[in-house]
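In what comes next, chain A is part of two complexes: it sits with chain B in the first one and with chain C in the second one.
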Partner chain A sequence: MALVRLKGLRHSYRQQPKTDADWAVKRLDLEWADGSANALLGPSGCGKTTLLNIISGLLRPSEGEVWFDEHDVTTLPPDARNIAQVFQFPVVYDTMSVYDNLAFPLRNRGIAPADVDARVREIATLLDLDAMLEQRAAGLTADGKQKISLGRGLVRSDVAVIMFDEPLTVIDPHLKWRLRSKLKELHQRLGRTMIYVTHDQTEALTFADQVVVMNEGTVVQAGTPQELFERPRHTFVGHFIGSPGMNVLPATFADGVVRFAGHPVAVATPPRTPPAGATLEIGVRPEFVRFGPDGIPVRVLKVRDSGRYRIVETQHDANTIKLLIGEDQPLPSDTAHLRFDRAHTQLYADGWIAS
Partner chain B sequence: MSLTLKRVVLRVDGETHIHETSVELAARGFNILLGPTLAGKTTLMRLMAGLLKPTAGEVWFDGRNVTAVPVRRRRVAMVYQQFINYPHLSVFENIASPLRVERVPATELRSRVGRIAELLKLTALLDRRPAELSGGQQQRTALARALVKDADLVLLDEPLANLDYKLREGLRDELPRLFADRDCTVVYATTEPVEALLLGGYTATVEEGRITQFGETGTVYRRPMDLATARAFSDPPINTAPVLKRGNRIELTESVGWPADGRLAGLADGSYTLGLRPHLVQPARNTAARADWVPIEGRVSIAEISGSESVVHFEVQGRTWVSQSHGVHGFAVGEIAAFKLNVARGLYFSPDGRCVSAGTA
Partner chain C sequence: MSTKTPNQKAWWLVMPVVVLVAFNAVIPLMTVVNYSVQETFGDNQFFFEGFKWFRELIESERFHDALKRQLLFTGIILAIEIPLGVAIALAMPRRGPWVSVCLVLMAMPLLIPWNVVGAMWNILALPDIGLLGRSLNAMGIDYNFTRQPVAAWATLIAMDVWHWTSLVVLLAYAGLSAIPDAYYQAAKIDGASSWAVFRYIQLPKMKRVLTIAVLLRFMDSFMIYTEPFVLTGGGPGNATTLLSIDLVKIALGRFDLGPAAAMSLVYFLIVLLLSWIFYTVMTKDEAD
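And then the complex of A and B:
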């Protein structure tokens, strides 16, 4: 177990990076507490895999350092870093039994047979694999194999950090629920430092206590799932997290009043005077928009049923505003008025929160 | 443009892959095949397309028996989970390829490719090669190629499965719109219940080589005919528990029960399975839990908090229940916590798995 720190890290795949765009990961400092459950979340190409490879040692950063506790590991190869990794596709030895697959990482490090046996059985129990320990891995289903991969990642008690790279992408939704819960439970029991890399917000937010959101090589926000949801620091976070994402509407600011299309909108914290010429926007999640007797007049365009709630798409001039309503709540016909929940309505200047 | 499977069966080497299936898809509609991997969705599509010949039964298209008509003589387009494009051709030529095969005149070809590219936001990318595109753009190219040729039947086999979460959300929004005014029948396979609901249209739930139910998507979700359908159409998985109807009461445990009134009054005494979707189980302290719901206590085993919602697993007499609620509700693992069951919305199944009573709304 270890505290993982990235200090002044930067990486470019080019020999002589010139422009900002040449950096796959722009300068950043990050810290993951010992024993914490973390996620690295972002779209394809945001730099999260580059960062993962830097932490595991597959890649040397162009600049900056990687520290595990009090050790600078920047120049160490992966096998000297004492880490475990679980990948998107199961990595198992088909010809070996489930038991031997789990035991492999331990035997490889010369652990005494009695200790190997105890660890393998403990992990097998946690993952509900006890009954199939003697089976050959070849005959297992995809999720069975991925469970073994997870087990192989978790079996060593001495690793500094366990990294998961999109481990549930290939798993069916029903099993995904089970394995995700399992992982959460395992973290709660084992208390290892874990870093989970994914583009899937549900996986990131349910697994991690701290989530780092990346876009275009930068960290746009690091915080708890609740912080990311309730107070996105950037409109990108508002859009990327939540389904559907946050409504982002053009705004003006004058005499201390924020307006959307001429209508005054109360925001959570009184905004600082934004920089002159900045593009101003109001951000409010569909969860925090309600129909009301008065407010912003809209036309109801479309309603979609998600089972538990309905996603209502409304329009004011050329702006689309989405809101969620419960499956048994009444739906106004055609024209209606919207109210925003003040505590969860923010002003953004050039994308960044302005309060 | 109607597609009907009449008592279709597929057996391969003595093993039944598709059990006798009869279904009439919604003409010009969006038809969803919902089920887990290996349930038989792709096989059903291949039977519909004519890529596979049924062992028994018939495939009818527009009032015509097409069982023996090979795929190349049907007007069928298919899009797979893996984006398939010609790597050496530009996006324009990729989209144009089916029209080149049909020897469509050059001016018409250009205008048709242009129109479909516009619709799928590919206009600026027409000169690029597939390798220079993002995953979402590659899949939109594959979709454009399927759409450009005016097929009667469009089969989409988990077309969004390999895309990023947010791209998937966007395309899921666009897809029904794209087909809204086209004169074709669409069949769309997915493993995700929420995706099926958001796409709307009609849904067939597929389990172990058979269609368990087909109907308007919201109806199949709210009024499943059996337990298999309810299970296939619930994410997170539906809670199920044995209950006993005795006189005018339903008993879940010795201490938890509720009146068997209204829709339940007519049920014969005996054992049933209660099905309750996780959002119908709320933490008692949550304002969404109403006073008239049934209280229950359990030991919390897992609490997952995603920022906007909480999913809590708790144990009652050795059975795990899952509660899904809006907002952040912290629970300590091991704590005994109070929940409320909205049993008015519960589904009741007889021992043979048939749904004998479905909740209102």
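And then the complex of A and C:
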């Protein structure tokens, strides 16, 4: 178990990075608490796997340091770092039995056979693999294999941090849910620091206490799932998290009043000095938009039923505004007026929250 | 509901293949079977002899000797080329500009016509003017492949290794390239030694292509003809008279079509049987 800290970290796959775009991971500082469940969330190519490989030691960062507790591990190879990693595609040693697969990392470290046996059986029970210990690993299904990859990390009692690189990608949908709750349960029982990389917001938000959202090599926001939802620091987070994502509307700011298409909009934290020359936008989640007797006039375009609520798509000139209404709430036809919940309406300047 | 009406015209669609296979395999094979049970004389006279040629062949010392030489040759070839090919494939770069250079270099011997390979090595190994032969003699090693059986064998094996190890290298390399990086990364994290990586990741992942490599090298080396024919012509004496060389001597040298046909069939059955054994042994694990 360990506290993981990244200090002034930067990485580029090029020898001589010149432009900003050459950096796969731009300068960042991050800290993950000991025993915490974390997620690294972002679209493909945002640098999250690069970051993961830097923490596990498969990559050496171009700049900056990686610390586990009080140790600088930047220059250490993966096997000296006490980390475990579960990859996107299950990695099992085909010719070995499930038992030998689980015992492999321990045997490589010269642990006494009796201890190996005890440890393997304990972890197998934890992962519900007892019944198939003698089977050949090659014959297992994808989720079984993924459990073995995870097990190879768990058997080691010295593991500081366990990392998951989109571990559920190849798992059947109905087993995804089971494996996900298993992971959550394991985290609660073992209390190991875990970092879970994914581009799936559901996986990230259900697994983690702390979510780091990345985009184009930078950390856009780090916070609890609730913070990400209620107060996205960047319009990207607003888009990326939530289903449907946050409404982002063009805005103007004059005389202390934020306006959308001429209509004044009250925002949670009004900016004191308007950022000069910046593109201003209003961000409000569909959850915090309501029909009202007055407000922004819109035309109702589409209604989609998601089961628990209805997603209504409305239009004001060229701007689409989505909102959620309950199954039993009345739906105005054709034209209506919208109101934004002030506490959850933010002003963004060049994408970043302005407050 | 749709009912399928039999359309006999479909037979015409498979005709090209049937004709090809018939002329390519079935008719020649059956002709050989036909010859193998008959005595031929000039003027196209044939007399039925039953299994006489087979009995004679099985009892003949000459066939036994050729078969033993053949088995020894193939055994040595496999024992050298498979491990050597795997070793070279492991040593080849996996990324970067050198990959294509290595691959082209490796593919080169495979592109040379077989009789040219024989001729090249023949000249190379000549004790009086060949680079190899002369150098060896200059170093004080008495080497003359046209007179010494051991030298003839050594030259033959060196030539085959030079010619065909590349095939094993290319197959093994293809197998290695197909292993995802995650396996190496996981092994690194699990603290596996490089031997363990080879034993538990690379070798199992290469197994299928190695099965193919072993089968190809077995069959090719068991049926090798051109290169030893050009290099040594089966000599000195009968030292390098392998099965195919002996077969040609009987069939074309003496025009004994009956015994030659019987030998062809036995030869064919041996190749088939051994290939089957190799295949069964090497794929046994996968059935479990």
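One rule holds in what follows: the second predicted complex is superposed on the first by the 354 of 355 C-alpha atoms of A that agree within 3 Å, B and C clash if a C-alpha of one lies under 4 Å from a C-alpha of the other, contacts with A are read in each partner's own complex, and residues count from 1 in each chain.
Here is the rule we use: a residue touches a chain if its C-beta (ideal position, glycine included) is under 8 Å from a C-beta of that chain, and two chains touch if they have at least 3 such contacts.
Note that the structure is a prediction, hence the values are computed from the model and not measured.
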Q: May I ask you to name which of chain B and chain C touches more residues of chain A?
A: B
Q.
After the superposition on A, what does A:Asp79 contact: first (chain B), second (chain C), both or neither?
A. second
**Q.** First (chain B), second (chain C), both or neither touched by A:Asp22
**A.** neither
(Q) A:Phe87 in the overlay: touching chain B, chain C, both, or neither? Say first, second, both or neither. (A) second
Q: Identify the partner contact of A:Gln201: answer first if only chain B is touched, second if only chain C is, both if each is, neither if none is.
A: first
Q.
Looking at A:Thr95 after the superposition, I want to know if it touches chain B, chain C, both of them or none. Which is it: first, second, both, neither?
A. second
Q) If you look only at chain C, which of its residues touch chain A in the complex? A) 180, 182-183, 185-186, 188-193, 196, 200-201, 204-205, 285, 288
Q) Mind pulling up the chain A residues that touch chain B in the complex? A) 43-45, 142, 172-174, 177, 180-181, 184-185, 188, 199-202, 205-207, 224-230, 239-245, 285, 287, 304-308, 311, 327-328
Q: Provide the residue numbers of chain A that touch chain C in the complex, in ascending order.
A: 53, 56, 58, 77-79, 83-85, 87-89, 91, 93-96, 104-105, 108-109, 136, 149, 152-153
Q | Residues of chain B that touch chain A when the two form their complex | A | 36-37, 134-135, 164-167, 169, 191-194, 197-198, 200, 217-218, 221, 235-237, 277, 279, 301-302, 304-308, 311, 313, 324, 326, 328, 333, 361
